């Protein structure tokens, strides 16, 4: 049955015909191999182990956040005055996978000193898990001095303040290609009706009013929730908005349903949106404004937060003030005026990272000084009431910052305030289904079902 | 004579315990030294601030040398045991290290997950089977069962089928290396890169505009209107599975190809001399010979498609009816912070793989070992 | 069969085989070609026209994307004195070194452990053999996300977090089920008579492992080494959790990912970055491909 094995065996792999010999040779080699290995593994460390890690955690504050690269550089630039003054080293780490990481690190017992949370929901989870240090009197004094009260509330969990807001954004803004508008004689509308009149004028001229896209990878859907929030604020007012965030007003409520219907008048009308619903669903958020800057423009307006300027083509970014105009999304019900909706990063401190240095850095973040340099280099808005608006690098940013600080009503992005299972779950999915043509009542019931979880 | 003999006896009498003690001492001493050495390496690697290169080299030596050293020492100790015990214990010298590491990194966390799956969102209150009832009744989960089944059947079938086809063809081509390298290339592209690639394949621009996605460029060139491919139910899951096949065929091909290289050429030549057609040679000589590799490759890709996550998460976020189990698990765990549900879905995944385990175990049991 | 027809038949076969292969590889290469072309185009062009039309604008191709990826991006700051300062981001060379430091030990360490375990499962009888094997297969399906928090807690207790050792061990642990399973498959196909005769000749189990199993498994070891290399090289999650995002230790994937910007708008950098990160894995593939050789066991098979 078996061939005469040793004779035919490949000599390279089995160059010995006797097991005994195999054993001997192998034994000797192994012994010398072990000797070498042990020498290296044992002696090398002793020779090399000159620098044992003697970390000095006391003068270093580790900060972890979601913003990276260019934004991280600007943040580092902005906090330089603090470093120069105190000699404390700030180590900033950023990662786009921040959401997952901060949670794993907190639960795994390895949190940074301070972290910048883009969503209040994350803050509530970490505070609820007992990971965070409540703000102390000195920090609270800075907050009371430098911020409108709404920011203190937004940084609080169950009545205890934890978070200090730094860079924020304003989302209820509509952007347009200024030169093309001037050539056509279009004027920014003041009311919702004027806006619809303008849209119809555009359609009559053969133009498509809106550029829009909601694809955002693992976060697809948020662009739609922003629109709904803006409309709810304008039709039902801030009180209903606040109760909606708490689910005291459910999604199936007629007032919320109305907001979807109003959005549907724009989004589901193929004349109003560039590329119709297919394009709306599949165009990514950064690509969405680009049709405005084609020649001639394929679309004439785009509603997005102030961070949108970073997505504009380079030639537009270089001449922002000449090329781009902006107006606040108009009022619908005059009773509620023109409220501003937005978001922002809040800094919180972990119990395990509670050091005097971390505390003084937190207090620094509560002052305009920590934002001034960033405002000068562009790409960020700050909420400080006592900020110097002339520091902003462009007229456009100055105006949005002013709109943000002076808005009679400011509300935080509702989907970020709702539990993630709704705000980053069924609400996102519901927006996509709504655009995809599903029946509105089914969509609303589906979104509402997220609350039961 | 008598004294002589007794003296000799005495020396034997004395030397036995000395040798025995020596042996025992050595048996204790050597492992202790080994342990100390490994520990020193561990501390060095943990705390050293030497340059990366040095640490890297020490790590390889420590890791590989440490493992070999432990094997040799453990084996040396076991060899001293009586034969019966030796045959019983020696296999653990081989499988032990892997079992210990697996136990720590994966088995214990799995047990913890099983435990957490009976608790509420924060893992504090016992909720019985509530999370499992959720997992089997939630509409997104039910949708994901159907989708995962498609992933398993089409994804595994496609990757293994193409991998086998290419491996067989390439084996007969002079340009084997070039072809194999091209098919392999997608594996080398990071997942972020692959995501971009496929966005460029499925990209949508409204009719009348220049298409930047190749699929829509072809569609419009043929006179049809452009499509938003990833939103078209139920075909969008298939479009996502294509990405998996594109990525994983290289994996199947490499393994199957190396198994084909293991088919003895005498067998193939013998078949050819007998006048069998090339197709017959493949079917009745090559395929049976590489069957176990095909099963292995299929098993691993099947498991991969069962826990497929990143393709769905980054391309569609599970919207438009493309949701799968692993992305729901991820969302529950890291986005909605519901430990209990996230854990229960992980356990459901584990249960879903039972048929595969059973099949592999059946083949495993049929084996004879020494 | 006359030699002529035989030759003709061979030629037909070669033509058929190669044209089929060319068709398949074209399908495979098409998406990647798009990536490749895109990586040379200016940012604004990428969205203006399809990559396949870029041939007509070849004069617009630029190496600037690669320059930015390798050398770091340019930013403009307005300094405290009101002057505009141009600064460059981190370059990739440190990230390259970090990635290599992470990857090489994380590939080599598990191979030996897995090969030994595979040998044990394939050829040795021991108590609990079946149940342990079942567990190994079952662990293939465990999503590694569930292990992150418990392992991080253990690492905290051991003071391992943020060290290379932490990530080598983690990759070893998470790579082991597949390594063991793949190598088990290969090692179990080694013809029994080879081992039998070695044992009859008095070789111990250990000797057989070192002198027979390992050399005979070279193709499988090489194949697994390639895969493990790819996973570790392209891994992001494990590196972020156990090594951290600090620039001193950040690996290539982290640097590339953060270069894309917080909202993923910079496709021109993403595409060139994807090619930069592909270089090393492809070199490894070409280097190890030569171990996929025919006939390692050929002399020793039942005839």
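As written, the chain order gives the labels A, B and C, with residue 1 at the start of each chain.
In this section, a residue touches a chain if its C-beta (ideal position, glycine included) is under 8 Å from a C-beta of that chain, and two chains touch if they have at least 3 such contacts.
These numbers were taken from a predicted model, which means no experiment stands behind them.
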Where chain A and chain B overlap in contact partners, by chain label: C
Does B-C or A-C have more contacting C-beta pairs? B-C
Max Cα-centre separation from chain A goes to chain B
Chain A to chain B, mean C-alpha position gap in Å, rounds to 34
Between the Cα centroids of chain B and chain C the separation in whole angstrom comes to 12
Indicate the whole-number Å distance between the mean C-alpha point of chain A and the mean C-alpha point of chain C. 31
Counting only residues that touch at least 2 other chains, which ones in chain A make the list? 30, 100, 104, 216-217, 284
Give me the residues of chain C that touch two or more other chains. 47-48, 151, 199, 204, 236, 257, 260, 295-298, 301, 303
Quick one: which residues in chain B touch 2 or more of the other chains? 47, 68, 72, 334
In the complex, chain A residues that touch chain B: 30, 33-34, 37-38, 40-42, 44-46, 48-53, 99-100, 103-104, 125, 128-129, 216-221, 274-276, 278-279, 281-284, 298, 419-421, 424-425, 428-429, 432, 436, 453
In the complex, chain B touches chain A at residues 34, 37-38, 40-41, 43-44, 47-50, 54, 58, 61-62, 65-66, 68-69, 72, 122, 195, 199, 202-206, 209, 226-228, 230-231, 313-320, 331, 334-338
Touch list for chain C against partner chain A, complex: 43-44, 47-48, 73, 75-78, 80, 82, 87, 89, 148-149, 151-153, 155-156, 161, 193-194, 197-204, 207, 210-212, 215-216, 236-237, 240-241, 244-247, 254, 257-265, 295-303
Please output the residues of chain B touching chain C within their complex, sorted ascending. 42, 45-47, 52-53, 55-56, 59-60, 63-64, 67-68, 71-72, 75, 79, 87-88, 90-95, 97-99, 101-102, 104-110, 112-113, 162, 165-166, 169-170, 172-175, 177, 179-193, 196-198, 200-201, 210-214, 217, 246, 249, 251, 254-255, 257-259, 261-262, 264-267, 278, 292-293, 295-296, 299-300, 303, 306-307, 309, 326, 329-330, 333-334, 342-343, 346, 349-350, 352-353, 356-357, 360-361, 364-365, 367-370
Chain A residues touching chain C in their complex are 1-3, 5-6, 8-10, 12-14, 16-20, 22-23, 26, 30, 64, 66-74, 77, 80-81, 91, 93-97, 100-101, 104-105, 107-110, 216-217, 284-287, 290, 294, 307, 310-311, 313-315, 373, 376-378, 393
